[in-house]
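The same subunit A turns up in both complexes below, where it pairs with subunit B and then with subunit C.
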Partner chain A sequence: MIGPLLLFALVALGLGALAGRRSPAVWVALTLAAGVALGAAGVAVGFGLQPDWDWRSGFPVGGQALHLRLDALSALFLILLAGVGLAGTAYSHTYLTLNDGIDPSAPARGRLWWNGLIFHLAVVLINSNGLHFLIGWELFTVCAYFLITLDRRRLAVRQAGWLYLAASHAGTIALFAFFTLLASATGSWDLGPLRERTDLAPLFWLALFGFGLKAGLFPLHVWLPSAHANAPSHVSALLSGVTLKLGIYGLLRFSGWLPVPASAGWVILGLGAVGALAGIVFALVQTDLKRLLAYCSVENIGVILIGLGGALVAAGEPAADWGRLALAGALLHVWTHGFAKALLFLGAGTVVHAAGTRDLGRMGGLWRALPFTAVAFLVGSASMSGLPPLAGLVGEWLVYLGLFDAVASHGPAGWAAGPAVIALALAGAVALATFTKANALVFLGAPRSSPSHALHEPDRWRSAPTFGLAGAVLLLGLAPAFVAPILARASEAWRPFDTGTAAVRVPLISLGRFQLILALVLVGVAFALWRRVHHLGVTRGPTWDCGYAQPSRRMQYTAGAMGGTVGGWFTWFLRPERSQRRPRGPLPDRAFILDRPRETVLEGVVTPVARQVLRVSTAVRRLQHGRLQSYILYIVIGLAALGLIVLVQGGRP
Partner chain B sequence: MSLLWDLPLRLAFWLLLAPLVPGLINRIKAWVAGRRGPPLLQLYYDLARLWRKQVVMSSLASPGFILGPAVAWVAVVVAALLLPLGPAGTVLGFSGDALALVYLLALARFATAWAAMETGSAFEGMGVVREVSFAVLAEGSILSALLALGVQSHSLALNQMLAPTVGTGSALLAAGLFTVLLAENCRVPFDDPNTHLELTMIHEVMVLDHSGPPLAAILHGASVKLLLFSVLLVQAVLPVANLPAPAAAALLAGGVLGVVVGIGLVESLIARLAFRKVPLLLTTAFLLCLFALLVAWKGGAG
Partner chain C sequence: MNASGLNLLIAVAMGLNLLALGSGRVSSLIRAVSFQGMALGAMPFLLSHEFSPWVTLVAVATIVGKGWVIPLLLGRAMRAANIERETDPLIGFVPSLLLGAGGTIAAVGLARILPLRPEHAGSLLVPGALASMLTGFILLIGRNKALSQVCGYLILENGIYLFGLLLIHTTPLLVEAGILLDVTVGVFVIGIIVDRIQRAFDTLDTRKLTVLRE
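On to the complex of A and B.
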């Protein structure tokens, strides 16, 4: 049952890619069908309706027999891919043909690479052969590159794509080393549980670098903000919602199948905690809507890593119950963040199209033109800030529960779990500030610049997926207990633990009940107050604002000001570029202050190092100039040196 | 069956008693200053009046301007219902409800901030930024305090967490939580609940444009939040739950009264802090809670 479903999905994706150039309608039908099939396969295995699927081909592909397998852990990510893929496909159907000054060949190319990306993501998720895994990994990276650079006429887009490609390949090199060393140590490319081979543990660091880079792990995230901000929005949704999670998938898979160093859990926990806090602080100070969302992904990857790190630390302890909670939280957060972030990026696509800019400082008051998008965006934002009764809280809450248990049990793990809890709390509060800023600047208040031509709600192809994802976020928040089976089965597939379903289901039921009650009361009271207000009557007038006579839209708080206070506490680390002119004299004429958030890690670390490397390479290149005489001189010097060595050593080897 | 009685009684306790707290504080402030002051029940009169008033709304505002206060009110009231009340325990309690409480307060903050930003006013933008920024430190402090209580009690359910053993940690916790209480409830030295026209205020400035029933919801919600923090503080520091019921009830009531008197005295005797120093004071509160956590951690291990 699973085999035919997956085969159908992959074939449909392939055919859709071929049809994309000529007939968009066929493309959208085939791709949606493929998404449904992928989702069905994932649900069947993930929720235990079908046994795990394992298949080997009798014929070799690239010298190796195919080995595909679908277990609950893969299924969890496959369902995410299917969900976000479906939403993105439907959204892009009309979004790609919006004429936003984009390259005319972009829609056709976009459909081709989109199918390629989903195809290879699915291949990676179900692959169990190191060689094919690596090939699939490389191909999805390339597909993503072409999707990011769809609008290739803009310089910023090309630069973002180039950075993405370069950074991804730095990660791929690490993965190449990882898989080849693994294959040479085990004598086979076949992947599977090998926990007894403790000599393989150091390989984990290579995997952490390679997969961590793809996941946007904090100091390795340098490629992420510009790539996700400059890609078309449905691509950003898939990249942020799913491809980042492939890095998490890799880390989960290989920390589960292979032995890990004793310190691995601690390192991941630490990186996660630092990344969560740093990522969200960077997000807060951004002035570009999509860049803000991209940095928020860095935070959420941090949250997921805190859960994973906690699970790894707990796996080395006798009482591992708290690790189970932390792992389940991380797994659930993969879903909740994936769906909510896809929702936010699709919403951002609509907003950017309507406002004609990504600059938060030039938006405002869009709720009037885009009321439904505003509601969907609000749902995504509230979920992302971890507010009840939505989904974002659930995953974080399980991680919190796990970490609290670790602290309360007084084990050595408490030294890691305690600070992680506090980092999570601070990150949560900054996330709330960030999304208050994003929503307020985009949707509320008065427009900060003249509105563009396209100020209307999008068509059904674009609004339906946005609402579908919002529904998923709401449903996951109100009825989290329904996902307990897949969380338990995925934890089991992860392996270091023996299973314990109840450990996860009980807290999910109690939280779900609480969220449901809260949602009902919220709706009831909001309705009652609404009725009361309209019963008494409403008078509209200009904003009172302490009796300010002439409030103008330029007096509103700006993107820089909204992030200024918390950003100010972190100047030592954000290092914003500031240009200002102070008011001078008794009658100052002109004054301004302008903060540009900087890519601290990229501009402060990666670029200088890269520049040094380039300088050394340039120096070395002087040796290679194409003059034959000098090359002959090199040979003569080389021969003379060899002869000297032979003479000195007396001919002995 | 007991739930049927318990929940309405609790709800009545929180909803009816809460507006008394600001009245009490105002009486204390008036007494210290030698003024006559507003009547004890002033907030009740205000609420009744506002509930009957028409709403004036900015022409920029969306329906969120009215729904925001409703959401914030519900969030605060549900958070209050999660809190155990001395001998009566909790009604909705579950493991992890401590975190739910923190996130409900976050929800209230988000809803208030949303409604404030509706107006496009620079004043309210300023208030929102301050509120959400200072909340970062406040939330860190509360989480550390909850961790300390969790370490002491080996639990994550408020019912068990709020049965502390009194010691050094309690003193640190009391100081830290009291400071957070002042900040979160916009009291002096962070904010001044009596001004409406100053550039240095935080919470009050966010509700400048509200009127009528939504403003009533905001004011009532604020009083519930103040009572919530007082009850939380008392139970986090004093061993209320370990006493027999009448003594516990008396201790809880006395404790809350003590906190209220404390707030009144602080407001009478201390001037508002220079604005740049606010984060410093909050960081101090954060550190106090962290030290309480360390004390709990080391004490439990020994």
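On to the complex of A and C.
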């Protein structure tokens, strides 16, 4: 049952890739069918309707027999891939041909690489052979590169693609080392639970680097903002919603299958807490809508890592079932963030198309033209800020509960859990400020510049996925208890726990009840307000303008000012580039203040180091100059050094 | 074994090393190489205890090859390429001489440290070999004209040949004869290449050949 479904999905993706150039209709039908099949397979295994699926081929591929496996942990990520994949496919059907000054060959290429990306993501998720895992990993990276650089005529896009490719391969090198060392230690490329081999524990650090880089773990996130901002929006949705999670999947998979060093949980917990806070602070000060969303992903990866780190710390302690809560929270947050972030990126695609810019400082007032998109975007933003009654709160709630239990247990873990809770709460607060800023700048106020396109709601192909994702976010928020089985099964697939599943189900039921009541109250209040407004009638008048005679649309909050107050607390960390000219004299002529948020890690750490490496290698390259005389001199020096070594060592080897 | 005669010949070869380092004229460099080749060719006579036709054949071939055929080829190449002197060397003549002299002293010193067999301890064979190799390297590194570098290569080979003489009782001279053949063919080839380079680039200055580095 599972095998044929997955085979059908992969074949449909392949055929769709072939059909994409000539007939977009066939492509969209095949790709959507593949998405449904992937989702069905994931649901069947994830919710326990079918037993775990395990299949080995009798024939070798690339020297190794295929070994595919679908357990609840893979299924959880497969459902996410299917959901975001379906939404992105439908969205891109008309979005790709919008022609925002894009390369005319882009739609055809976009369909091909899109199918390639989903295909290889699925292959990685169901793979259980190290060699094929690496191949799939590399191929999906390459597909993602071509999708990011779809609009290859623009320099910024090419630079973002190049940075993505370079950073990804730095991570892939670590994974190469990880898988080859693992294979040489176990004597087989086959992957599976090996928790008793404690000598394999140090390999975890390699996996943390490789998978963490792909996940956008905080100091390794340097490639993420520019790649997500410059990719077409449906690609950003899939990248942020799913491919980042593949890094999380790798970390989960191998921290579950392999033993980990004792300090691993603490390190991940710390990195997650720092990343959550740093990511959202960076998001707050961004002036580019998609860059803001991209940095918000860094925050959420941090939240997920807090959960995973907590689970790892708890796994090292006796009878600490708070780890189960933290892990369930992390797993659920994978879904909620994936769906909500895909929703936000699709909404951002619509907004950016309508406004003709990604710059928050040039948007504004889009509420009137795009009311439905605005509502969907608001739902995504509220979920991302962790507001009830939406999905974003649920995952974080479980993480919170786990950490609270850890604090209450008075063990050593409590010392780490306390600061993590504070970081998480602070990150949530800044997230709220960030999304208030984003929504206010995009949708409220008056337009800050005249938009280039005719403003209207997008067609059905683009609005349906947006609303579908908004519905998913709402459903996950109102009825979280329904996902308790897959969370429990995925936790079991990660590492067997000795506690029952009630630990997760009970808080989900109580939270769901609360969310439902709150939602009803909110609907009631909204209805009452609407009736009152309707009853009293609406009169329109100018905003109070402080007595200024001629208010213009430029007299609004700017993108820098909205985040300025909170961002100002973190200037020591963000180090923005500021240029200003103060007004001078009784009749000042011109004054300005300009803040540009910097890519602090990229510009402050990675670029200088890369420049030094380049300098050294340029210096070394000077040795290769073609002058025969000097080459002979090298040989003489080498011979003399060898002779000296022999003399000093007295001829001993 | 005629030890003092051998040492005399090696001393002559070492002196010729210094002459090669100090001479700016290509023709005198070739002549120094030629005389050194003849001196080296005569050594197997002094080393072997009884007359053997095989040793005689190789020695005569060495003298003819190193002392006459190769210098003749080099001289022809020199005239074809119309090169009289080494101008503007990378390492000047005086510094080369000083380096060579210092190297010779260091070679003698080094030979005392090296754990040699007792029958070689008093001989100049090892210092001579080291000094010749060093001289060859200095010429290879410090000269710009391809012909001077060929001469450096020959002197380097002479040094290796001197080392080979240490093993004359265990290694058949056949090996040495093979090396000699290699060198002769090598010089043939270089002679032809020098001619071609000269025709193609109108110069023999190897500094101008760096475009081919990639």
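Just so it is clear, the second predicted complex is superposed on the first by the 616 of 653 C-alpha atoms of A that agree within 3 Å, B and C clash if a C-alpha of one lies under 4 Å from a C-alpha of the other, contacts with A are read in each partner's own complex, and residues count from 1 in each chain.
Methods note: a residue touches a chain if its C-beta (ideal position, glycine included) is under 8 Å from a C-beta of that chain, and two chains touch if they have at least 3 such contacts.
Fair warning: this is a prediction, and the values are worked out from it, not measured in the lab.
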Larger contact residue set on subunit A - subunit B or subunit C: B
Touching partner for A:463 - first (subunit B), second (subunit C), both, neither: neither
First (subunit B), second (subunit C), both or neither touched by A:115: neither
Which superposed partner A:421 touches (first subunit B, second subunit C, both, neither): first
Contacts of A:628 with subunit B and subunit C, given as first, second, both or neither: second
Subunit B versus subunit C as contact partner of A:383, first or second or both or neither: neither
Which superposed partner A:537 touches (first subunit B, second subunit C, both, neither): first
Touching partner for A:230 - first (subunit B), second (subunit C), both, neither: neither
Partner chain in contact with A:127 - subunit B first, subunit C second, else both or neither: neither
Shared subunit A contacts, counted only where both subunit B and subunit C touch the same residue: none
Of subunit A, residues touching subunit B in the complex: 364-365, 367-368, 371, 374, 378, 382, 385-388, 393, 397, 400-401, 404-405, 407-410, 414, 418, 421-422, 425-426, 428-430, 432-433, 435-436, 439-440, 443-446, 507, 510-511, 513-514, 517-518, 521-522, 525-526, 528-530, 532-533, 536-546, 548, 551, 553, 555-557, 561-562, 564-566, 569
Complex contact set, residues of subunit C against subunit A: 90, 113, 115, 137, 140-144, 149, 206-207, 209-213
Residues of subunit B that touch subunit A when the two form their complex: 51-60, 62-64, 66-67, 69-71, 73-75, 78, 92, 94-97, 99-100, 102-104, 106-107, 109-110, 113-114, 117-126, 128-130, 132-133, 135-136, 138-140, 142-144, 147, 150-151, 153-156, 196-197, 208-209, 212-214, 217, 279, 290, 293, 297, 300-301
Residues of subunit A that touch subunit C when the two form their complex: 624-630, 632-633, 636, 647, 651
